[in-house]
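What follows is a single structure, written as structure tokens, with notes after it.
By written order: A, B and C. Residues from 1 in each chain.
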Amino acid sequence: MELMEGELEQIQSVVAEVLKKFDSDSEQLLPILQAVQGRLGYLPREAMKMVAAAVEIPEVDVYSVGTFYNQFRLNPPGKNQIKVCMGTACHMTGGNIIMDSFERRLEIEEGETTKDREFSLERVACVGCCALAPVVLVNDEVEAKVRPTRVDGILLGLGKELNRKKTEVGTEDKAQDPAEPKDIPAQEEGDAR
Amino acid sequence: MSTDVTVMESKYQELKKRASEKAAVLQEKPYVMVGTATCGRAAGALKILDVFKEEVQKHQVEAEVMEVGCLGHCYAEPMVIVYKPGFPALCYGNVDEGIASRLVSDFLVGDDPCFEFAMAALEPNDFFPTFADYPRGVYEQKIVLEACGLIDPEEIDHYIARDGYSALVRALAAEPGAVVDEIKDSRLRGRGGAGFPTGKKWEICRNADAGEKYVICNADEGDPGAFMDRALLESNPHQLIEGLIIAAYAVGASQGYIYVRAEYPLAIDRLRTALQQARDNGLLGDNILGSGFSFDIRIFQGSGAFVCGEETALIASIEGKPGIPSHRPPFPAVSGLRGKPTLIDNVKTLSYVPHIMRNGAEWFKGIGTPESPGTAVFALAGKVVGTGLVEVPMGTSLRTLIYDVGNGIKDDKGFKAVQIGGPSGGCLPESALDLTIDFDSLQHAGAMMGSGGLVVLDEDDCMVEIARFFLEFTQNESCGKCTFCRLGTKQMLEILTDITKGQGKPEDLELLWELAEDIKAGSLCGLGKTAPNPVLSTLRFFRDEYEVHIHEGRCPARKCKDLISYRIVPQKCSKLCDACIASCPVEAVFTRPDMLKEIDLEKCVKCDNCLVTCLPLYDAVEKVSPPITVAVEGGSASE
Amino acid sequence: MSNNNGNNNGNNGNNEKMVTITIDDKQFMVPEGKRLLWAALENGVYIPHLCALEEEEKPSAGCRLCFVEIEGFLNPVTSCTQPVKEGMIVRTRSKRIDRMVKNGFELLLSNHRLNCGKCAANGSCELQKIARERGLKLRVSRMRKLENDAPIDDSPENFSYDPAKCVLCGRCVWVDHNMAKVGAIGMVRRGMSRRVATFGETALAESNCTQCGECVRACPVGALAVKE
């Protein structure tokens, strides 16, 4: 990934600040990486190199840790983070269908970020609100009982322009869809059980 | 240490006095408790909290608005407790902003407790039933969950007022060996899943000869459907801290860790606050309560790897390495963190400890079954009405748990199976409903206590697909070190995926079974050894479903996407309603010249939306399996 | 590491005590505490293995091929982790062991680029040796082939690295870290994505690899191989 101008210097100063707060001990590796990611949103290459030098272990060992744990990301996250719960209850109520819908709309796969760095899409393990399944975390706010039709609504709410071209079927009928799907009885019905 | 006993006692009595006074003051005024654990927040509890604060201010009511943890009734979140002197404390569920403001204006200002919104009272009274008057309350017996949702987790005095930390005083007054004996005597078994006798583990660690020892609380809860550890951390962190200090004293450790998933930020916050309060009150740190025993606890944030629930992987992770398990022996109790004897216990296990120290081993043995004393905590999920966290005595039958405690199956559907123990557990059929739950009976039946996830499946759930789901989870979480787990689970997953797509081969079932057995016997760690359980148990009890997928290309539950089609039944379609068309995210539903709706099967992504959307009055959308083959012009394959 | 209470690897210098063990009905005198795999191999009894290194203090026990049955043990035991004791009775073959080795072996092959004819390790490959010793086929018969299409790294001057042939035994990483003391390669990622790679997964020539060749000598298969 190409860094933008000034990014390298920013990374270096942030990592230097973080390193000051920890012992230079390889046991501190996880907390250090967590702190770096907490500040930068991801683990840039340069940051991992600096951490490796500080705790005196081979760079590749830092990389091993950075690529082993789910928490760490090697690329910057999107401005909006969408996390689809893949816990058991959400799975049973169609979490994977919701994931499919986001993938289709954002044209990325789970774990990826859109090219414009606006959205990233992830799966998370159980968020613990199984009664509200399926659940999506939109910038850490919970969206409960999400139906695929709600996906467009969520993305619109985040300022995504949905040019409704049907990439997946390749039919180019109807250049502009007149309206977003209205809120249909599904919601009420679902809530009333 | 007998000279210190009186010092400790008096120091504790001071704390207790302060806490009791505070508790008494609390009862003099109205108060509102909002459950703001993660589950409550997900349902909007913070908004409700704000409404209460605003309304209380607006109406100038002198009432305290507090945050508490989780009461376990997930289906009714957000939940609040409202107390006003002269009334019993009342609990309200599914509270929205309107109800919240009415509870202030009508109840706190007026004198109408709004019974129409109330779920239960907290104590017996003449007005309203209590939780104990419902079936769930009859069968539940709360020990570790008892105070959850009733105390402010960020207020140590709430815990102390309920005799919190008195067990620590009892422990510190005794010899460490006596504490180990008490736990051994109680026959407490590890709640992390396998049920190893806790006291025995403590004894091994205590007897290990080393200058330095560690205790670690394993709060790396990773089961995709269990969240009781998080609930305990968020609702009653002091209970766990007290248990961990007692464990440290018993085995002779001076440093402790709580290994929490970084995905649990609220739990980490509340834990951090609780640890600081414990230190500020002389309950943690140097010379605890003047006993001469020093011990401190650090929080270690796990970085999201299910395998770190495995003790050796957890240790590797604390040491700054990838969480890859290593061969045992040596067991951590002999050689663990930094090569030193290390005791690792689960959150629930440690949360029982203060209760056992306070009430005695005999009391504990009086609950549950002889081989598995105490209670079991389950996260009820799936097609059960009363989802949430429940705590029942060991030995409760599955039937009681699902039909009485959990209030039965949703939408009056037929029960099909119950999955217990998450990715390491198994699926049990209807014939197992009268099985009484304990560590051994579950294992014997082909499931496992595991982390306590309990998912109820109904007639609409496909057993192959459920097995595939859990296997996909473990496969994703496999560290990749050992052949059987890395490649074996992948191989099994490929086979299962093929079966759910109708591409299974008759000989696959034999291969699946053989691989499952070899992975169980051949894997390096517990993750791999238990990974095949969901497949083995479904193969054992629901083999016919596998066979129908393979031989008939059909999914009996109409769940497997590749084996179903959606269609609109012309005789049922109303013609005048467009709901299905609006609901389709890919414009696959269209109106025919005769106004009937139809689904273009080539465009359909099988999202289920039209089926859910179609009004029950018409009920015109249906799923069919095997799928309709798109051969007829225009996709009209309906008649 | 004298204070380590765990597995010790047994080679405790000269004054070691000898014990008698029985492997497949033959008796052997071996140093007490020596790990069974090495005790067997030194005495001419073959047990399949890929990941074990005798110098390694804590065996990785990752390849899961060196299973044996030991009297008194309910389940098969990895011989690389098991210290020998006086009177130990061992079987290297049984129905159960043979099936586990056969399936474990086929699992490895299912994820291995199989073109022995063109492979630099042809003839010296440990997988071929296991197949020969245990009468196993060098092809995937019952299982799904799990394709691994990672590209070959040809960048070093004298050797090349083919990740699709790697069995993830970890020996190269161990010698890189502990013998050559370079720290150029490590095990990165997790699960099915786990692989031997450099920092940032760059080509070896672009890393701090000194191309000393230790890792090539440690590789039991043709993943790290000297260029023709």
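The definition used in the following text is that a contact is a pair of C-beta atoms (placed from the backbone, for glycine too) under 8 Å apart; a residue touches a chain by one contact, two chains touch by 3 or more.
Since this is a predicted model, take the numbers as computed values, not measurements.
> Which chain's mean C-alpha position is the greatest distance from subunit A's?
Most distant chain from subunit A: C.
> Hey, which pair has more contacts between C-betas, A-B or A-C?
So, comparing the two chain pairs, more contacts are at A-B.
> Find the geometric centre of each of subunit B and subunit C from their Cα atoms only, then give the gap between the two centres in Å, rounded to an integer.
39
> For subunit A and subunit B, let me know how many angstrom lie between their CA-based centres, rounded off.
So the centroids are 24 Å from each other.
> Report, in whole Å, the distance between the mean C-alpha point of subunit A and the mean C-alpha point of subunit C.
Distance between chain centres: 38 Å.
> List, in ascending order, every residue of subunit B touching at least 2 other chains.
Where subunit B meets two or more other chains at a single residue, that happens at 305, 322, 324, 479.
> Would you please write down the residue numbers of subunit A that are in contact with two or more other chains?
61, 64, 68 - these are the residues of subunit A that touch more than one other chain.
> If you look at subunit C, which of its residues touch at least two other chains?
Answer for subunit C, listing residues that touch two or more other chains: 187, 189-190.
> Would you tell me which residues of subunit C are touching subunit A in their complex?
Residues of subunit C touching subunit A: 177, 182-190, 197-201, 207-208.
> Hey, which residues of subunit A end up touching subunit C in the complex?
45, 48-49, 52, 57-64, 67-68
> Within their complex, state which residues of subunit C touch subunit B.
Listed in rising order, the residues are 1, 3-7, 58-65, 67, 75-76, 78, 81, 96, 99-100, 103-104, 107-108, 110-111, 142-144, 146, 168, 170, 187, 189-194.
> In the complex of these two chains, what residues of subunit B are touching subunit A?
Going by the criterion above, the answer is residues 38-39, 41-43, 74-75, 77, 222-227, 230-231, 262-263, 300-301, 303-306, 317-324, 379, 381-383, 387-388, 410-411, 419, 422, 453, 455, 457, 461, 469, 479, 579, 582-583, 585-587, 602-603, 605-609, 612-613, 615-616.
> Along subunit B, where are the residues that touch subunit C in the complex?
Going through subunit B, the ones touching subunit C are 208, 305, 322, 324, 326-327, 329-330, 334-335, 339, 475-484, 486-488, 490-491, 494-495, 498, 507, 511, 514-515, 518, 521-524.
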